[in-house]
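In the two assemblies presented below, chain A is common to both, partnered first by chain B and then by chain C.
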Partner chain A sequence: MDKVLTFLNTVFVQGFWKTFCVKWVWQTFCVKWVWQTFCVKWVYQTFCKDLVGKKLRFNSWKGWIYLLPAIILLLIFTVYPIFNTVMMAFTNNYDSLESIGGTSFEFGIDNFITVISSGDTFRTAILNTMLLCVVTVPLSTMLALLIAVALNSIKPLQKFFQTIFFLPYVTNSIAIGMVFAALFDVVGDFSKPYLVESWGFINTLLGKIGVQPVNWLDGIGVFGDATYWPKFAVLVIYIVWNALPFKILILLGGLQSVNKQYYEAAKIDSTPKWRVFTRITVPLLSPMIAYVVITGFIGGFKEYTSIIGIFGDSMADGQLYTMVGFIYDALPDAFYGEASAAALILFAIIFAVTMVNLYVSKKKTHY
Partner chain B sequence: MDELKNEVTTQDVDPEVSVPTEPQTQTGDALTQGVMHERDMKKETKKQDVMKILGKIGVYLFLSVMAFIVVFPFLWMIATSLKHLSEYYDSNLDLVLFPGGPRDFHNFAEVFTETDLGRYFINTLIVGVASTFMSLIITVLSAFALSRLKFKGQNAFFAGLLATMMIPGELFTITNYKTVADLGWTNQFGDGGWFNAFLTLTLPFLVSVFYIYLLKQNFMQIPNELYLAAKVDGTTDLKYLWKVMIPLALPTLISITILKMMGAWNTYMWPKLTTTNQDFYLITIGLREAFSSADNQQPDIPLQMAAVTLVSIPLFLVFIFLRKYIMRGVSRSGIKG
Partner chain C sequence: MKVELRNLTKVFPSRDKKSGKDVTAVNNFTFEIPDGKLVGLLGPSGCGKSTTLYMISGLQQPTSGKIFFGEEDVTELAPENRGIGLVFQNYALYPHMTVQQNILFPLQNLRGKDKMTKEAMLERAYEAAKLVQIDELMDRKPSELSGGQQQRVAIARALVKMPRVLLLDEPLSNLDARLRLQTREEIRRIQKETGITTVFVTHDQEEAMSISDVIVVMKLGVVQQTGKPQEIYDNPTNLFVAKFLGTPPINVFKGRVENERLYIGENAVLDVKGVKDGNVTAAIRPEGFVLDENGPLVCELSNVEIMGRDVSIVSRHSESLNPTIRSIIDADNRIDATAEGVRFTLKPHKVFLFDAESEERLYFEV
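Let's look at the complex of A and B:
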């Protein structure tokens, strides 16, 4: 891995970048643009304006004045960050240069190398994020689809159920995360049962059907060991619970706009319900399903606050670290370069996954 | 889930027994075919009716179970917040809201004495209202310019605006954090401290590209003739905007307002990064910090649940009274806050 990165660094960044890219970009875009805007405009305004007359004149400045507040804020907080973040990510040794006020910048991919080779932290973050996505997105989508189809098939009480299923959407994810934590929490020392004050709701419930209590939240360990999976289970339950309302809303909206004729045709042919579901409902709903899956993946890759809500600021002592957690934890220590590099990696992953999703859905969706 | 499966399998078996599903056509056919057949058919339809009703019961059962699971955390939260600590330890399976008469609300009173949640409520209210108000002005002006006025570079600007929506927010946050720190806004102690905190918490999120897009689409639906008529009457653009466009686009504006307020109520990451003075914490971060107990301390779960309930109540109220607008906004946007 390191060898490849060093190779890429020497070929693209140091030699090629400065000589060709910069020059070419400047010549093709900027020179042309500067020429067009200034010279052509000046020539036009001085010589041709009166000839053309009022017809072609439009009040150019007025629109921009309405947009001015938005533009100023966008420039500072949206446009500049895009370039600056990329710049910080691709500047070697940015963090220490920044702290001593250095100005000599050198392009390079050192930050990416640092992030990737930073060992367990980054590995845990990537694996956690991927695992969460792979587990929660299909689970919540299927459950939402079942509920949406069931909701669509009833008439009385439909509005009532719809309201209830939308309820988790309008919540504070930190606050309800704390509720989930309390539901699973064992108050007291788990290893000394006589000292436990309360086994928590879920453990008591499981005890009624003869299951031994589980230490859901407090085990100390690393990614993938025995203490990991109970925590992961709690997290998955919470994320699925939290993701349901949006998915049900979108899928139900899609179901209600499906042309009823298809169902009537199926009814005349007395098609069994399961076939109606797989052959009519799912294909006609496929654009909505694709949308829900794609947004689900994007949201899954940015999973952060739900973990903070359940496990607190330390994200279960780093055991449930995610990509976004990795980025944000670097900021208070002023590791801007590394945070930027990690953010770009995250962006690349999201972009790639979205592209794959779009490709698959293009093949599978029926419009 | 099982209920639905049952229902599906029973329906699967159905066609083997009898092919037609419409009772009406069956009796019609039966009349032409004779009395014996009619009786058989009647039996069949009766069987089918029973299946249908069972299926419906299955669907309702499934929905009820799911609905109960969905609301259960809320019910448990409220029930627990009304308990004393010892009661909680005795029985945490007790779901009845008021077992043995009405409860005292001492946990709720304790939230305000034990933690600074009251102050955080006010902070959040100030930041939420101010940022929503400013954001609305900016959004309305931008949407108006993009939908009604004609000027050079309009389409290019709008395309660029939409392009920024693809980029994940974390990318902005890194540089914005640095910008805010460089500007000295993270220095939130002393005289101008509150103003620095206020600027930090509001300014970076005033322009929301998605809301501009949403409102622009809404403005475009208003016929241009209205604008031209107003122009003929000599109305200024701003007056037209205020008297015609805003009233017509009011539902969208309400959606935006609610989602923006909810965003301020639920935001966690940015305040966590940038608020250095505890006095200016917003509600969510205040809630999390107040109950991140040290290792040896046992958490007081009923107290915690009371605080969570207090934070959730405004959201419930908004949900109950303004659900229509939230659902409209959400189904178009797919973003939270």
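Let's look at the complex of A and C:
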């Protein structure tokens, strides 16, 4: 019991509040994004639907009044922050100016230079983020595809399993992270096996098939002296598991809208199952797969809460720094300029990757 | 390959387990489809014609009864082992593949001793494409084709693996009227050229009559009549078949038979030898009317439609079960469209009598 309390204490007191706030901000942003989309749709339907081909005229003042609450919120929480971020990022010495109440802001790219030349931290952050994306996105997409196809092919209990697979999506990711940490955690001194009180659930399971225990969270064990990979493995498992429900949902929806006659036609032509999957199912699902991969990459680049959830505030002593982690870590120390610059760099990277994704998917998908 | 259906029955269990009744889609269907013929399954929607087709294909399992291809019992055989080609109502062409890939697809599935080289497959695909005249369109995607072209691709895909039986499910229902005429001739030509036993399903009697060697008329899962199109048209076994075949539809009257004479209203209109006295339903084909100033059938003239080749007279009669009577007369006849009434005599072989209760045919000597 004491240990649980200590654990909870560490996570809550040291990291939780900050994390919670950060998480809250992210989530409101997501909510607003949805808002925005709906607003755009609404504006279009209200003002522009009948005006296709004609000159756009917004002369209905009523419409604007209806939109006002959303517009004000968007201006305060989305538009202003974006401009402010850009402004802060391109203001030299923003941080020191701010702290002494200075007013003569000077345009420049010093913040970017500071960030890029900040050495190991930034490099680790970029490398980690890239590596996470490259590993988790294909892995989770493939798994989700297999699970979705399997789910689609069973009749009894389909709704039940659908719900089960969707549960992680509505569960707080910090909570999931803590559970994962508990699953992998080794309680006691790992170097002195006789002192270990609990090897943790995963190690016990692995022990049953004869695998030596690994000190996952501290990074000691099978992978030799490299302390990085066990932690990375835990993180990958967590992220993949956490990413599955959304992807399964999208892919399953896609699968259920595929015309059954394609499968009947394939059946009559005695098509082997694997060929049906690769030649019919996957191409017909390609728009959904593209969507899932693109959003997966965007989500992957913003990975942060998972790491906090499992490894706590220190992000495994900085070993598992990510881009967003880098940004948030700069904030409590009032390095707003650097944080803004890093945010813009992250934006540029996501933008570029998404462009590449879109380009590839345009060539490969069938709509 | 002849196809034989023996006592084929398909019962769909009711969805509502408590109150609902099971639905018998096909009831005791026995029929032999002769080798190399084109057979049309005809009936209104819900009559079980598509279910029959899908049972022949193997996509649906009969509740009871047997299906034979030649001497081979295929009832338990999976669809992929039956050697059939099936053209779906909406064609089910793979939208992400080109025409060529679509046609090649069944060939690429062949395994074992049937496995073909790439060149051989291409050759076969081009042969099939030539047969349906789409060899110019091999690189297009299905979405870039017209309905008629898509339909041909679907036929080519079904034909390319040389099936023993070709099945077509409402093949013309997605085409516009002009294309439908053209395509049904095309289907006839392809069937004749390949000599493959072909079964097709339609609700359009004109379509079925025009291209089938044999027609099977179905109603509520029960076969009403089978035979050559002209035979069925000239000799329907019951009122349903008489009403279902023919455009414009047959004219139906309430009538009665007294002393071997047919009365419609007050007048005796026809001698019917061998029919017992009693109430009957009389059905008269539109071409069964002859204009006659002293004719016994007196109708109230509504209007006259000039078709060029012939004239269609629309009239009314108190005993008619249709709102109007439509009779087709040779255009050489002069008719006064402003007249109050019109009188006809009847061609005996175009008049069918049915029992008023059972709607079964009552035969009389002509």
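The criterion applied here is as follows: the second predicted complex is superposed on the first by the 297 of 367 C-alpha atoms of A that agree within 3 Å, B and C clash if a C-alpha of one lies under 4 Å from a C-alpha of the other, contacts with A are read in each partner's own complex, and residues count from 1 in each chain.
By our rule, contacts are C-beta pairs under 8 Å (C-beta built on N, C-alpha and C of every residue); 3 or more make two chains touch, one makes a residue touch a chain.
Worth saying up front: this structure is predicted, and the values here are computed from it rather than measured.
Peer 1: Contact-wise, after the overlay, does A:V187 reach chain B, chain C, both or neither (first, second, both, neither)?
Peer 2: First partner only.
Peer 1: Quick check on the superposed pair: does A:N111 touch chain B, chain C, both, or neither? Answer first, second, both or neither.
Peer 2: A:N111: touches no partner chain.
Peer 1: Decide which partner touches more residues of chain A, taking chain B and chain C as the two options.
Peer 2: Larger number of chain A residues touched: B.
Peer 1: So, A:P272: does it touch chain B (first), chain C (second), both, or neither?
Peer 2: both
Peer 1: Just chain B (first), just chain C (second), both, or neither: which does A:F347 touch?
Peer 2: Only chain B is touched by A:F347; chain C is not.
Peer 1: Pick one for A:I250: touches chain B only (first), chain C only (second), both, or neither.
Peer 2: A:I250: touches chain B, not chain C.
Peer 1: Would you sort A:G63 into first (chain B), second (chain C), both or neither based on which partner it touches?
Peer 2: first
Peer 1: Applying the document's definition of touch, where does A:I280 land relative to chain B and chain C: first, second, both, or neither?
Peer 2: So A:I280 only meets chain C here.
Peer 1: Could you say whether A:I174 touches chain B, chain C, both of them, or neither, answering first, second, both or neither?
Peer 2: first
Peer 1: Quick one: classify A:N357 as touching chain B (first), chain C (second), both or neither.
Peer 2: neither
Peer 1: Identify the overlap between the chain B-contacting and the chain C-contacting residues of chain A.
Peer 2: 267-268, 270, 272
Peer 1: Taking the touch rule as given, give the residues of chain C at its contact with chain A in the complex, in rising order.
Peer 2: 57-59, 79-81, 84-86, 88, 90, 92, 94-97, 105-106, 108-111, 157, 161
Peer 1: Across the complex, what residues on chain A touch chain B?
Peer 2: The contact residues of chain A facing chain B are 58-64, 66-67, 69-70, 73-74, 76-82, 84-85, 88, 146-147, 150-151, 153-154, 157, 161, 163-176, 178-180, 182-183, 185, 187-188, 197-201, 204-205, 208, 241, 244, 246, 249-250, 253, 267-268, 270, 272-274, 277, 291, 295, 298, 302, 304-305, 308-309, 312-313, 324, 327-328, 331-332, 336, 339-340, 343-344, 346-347, 350.
Peer 1: Could you please specify the touching residues of chain B with respect to chain A in the complex?
Peer 2: Result: residues 1, 4, 7-8, 11-12, 14-15, 19-22, 56, 59-60, 62-63, 66-67, 69-71, 73-74, 76-77, 80, 88-89, 92-93, 137-139, 141-142, 144-146, 149-152, 154, 157, 161, 164, 167-179, 203-204, 206-207, 209, 212, 237, 262, 265-266, 268-269, 272-273, 284, 287-288, 291-292, 298-299, 301, 304-305, 308, 311-312, 315-316, 318-319, 323, 326-327, 330-331, 334, 336 of chain B touch chain A.
Peer 1: For chain A, which residues count as touching chain C in their complex?
Peer 2: It is residues 259, 261-262, 264-272, 275, 279-280, 283-284, 286, 366 of chain A that touch chain C.
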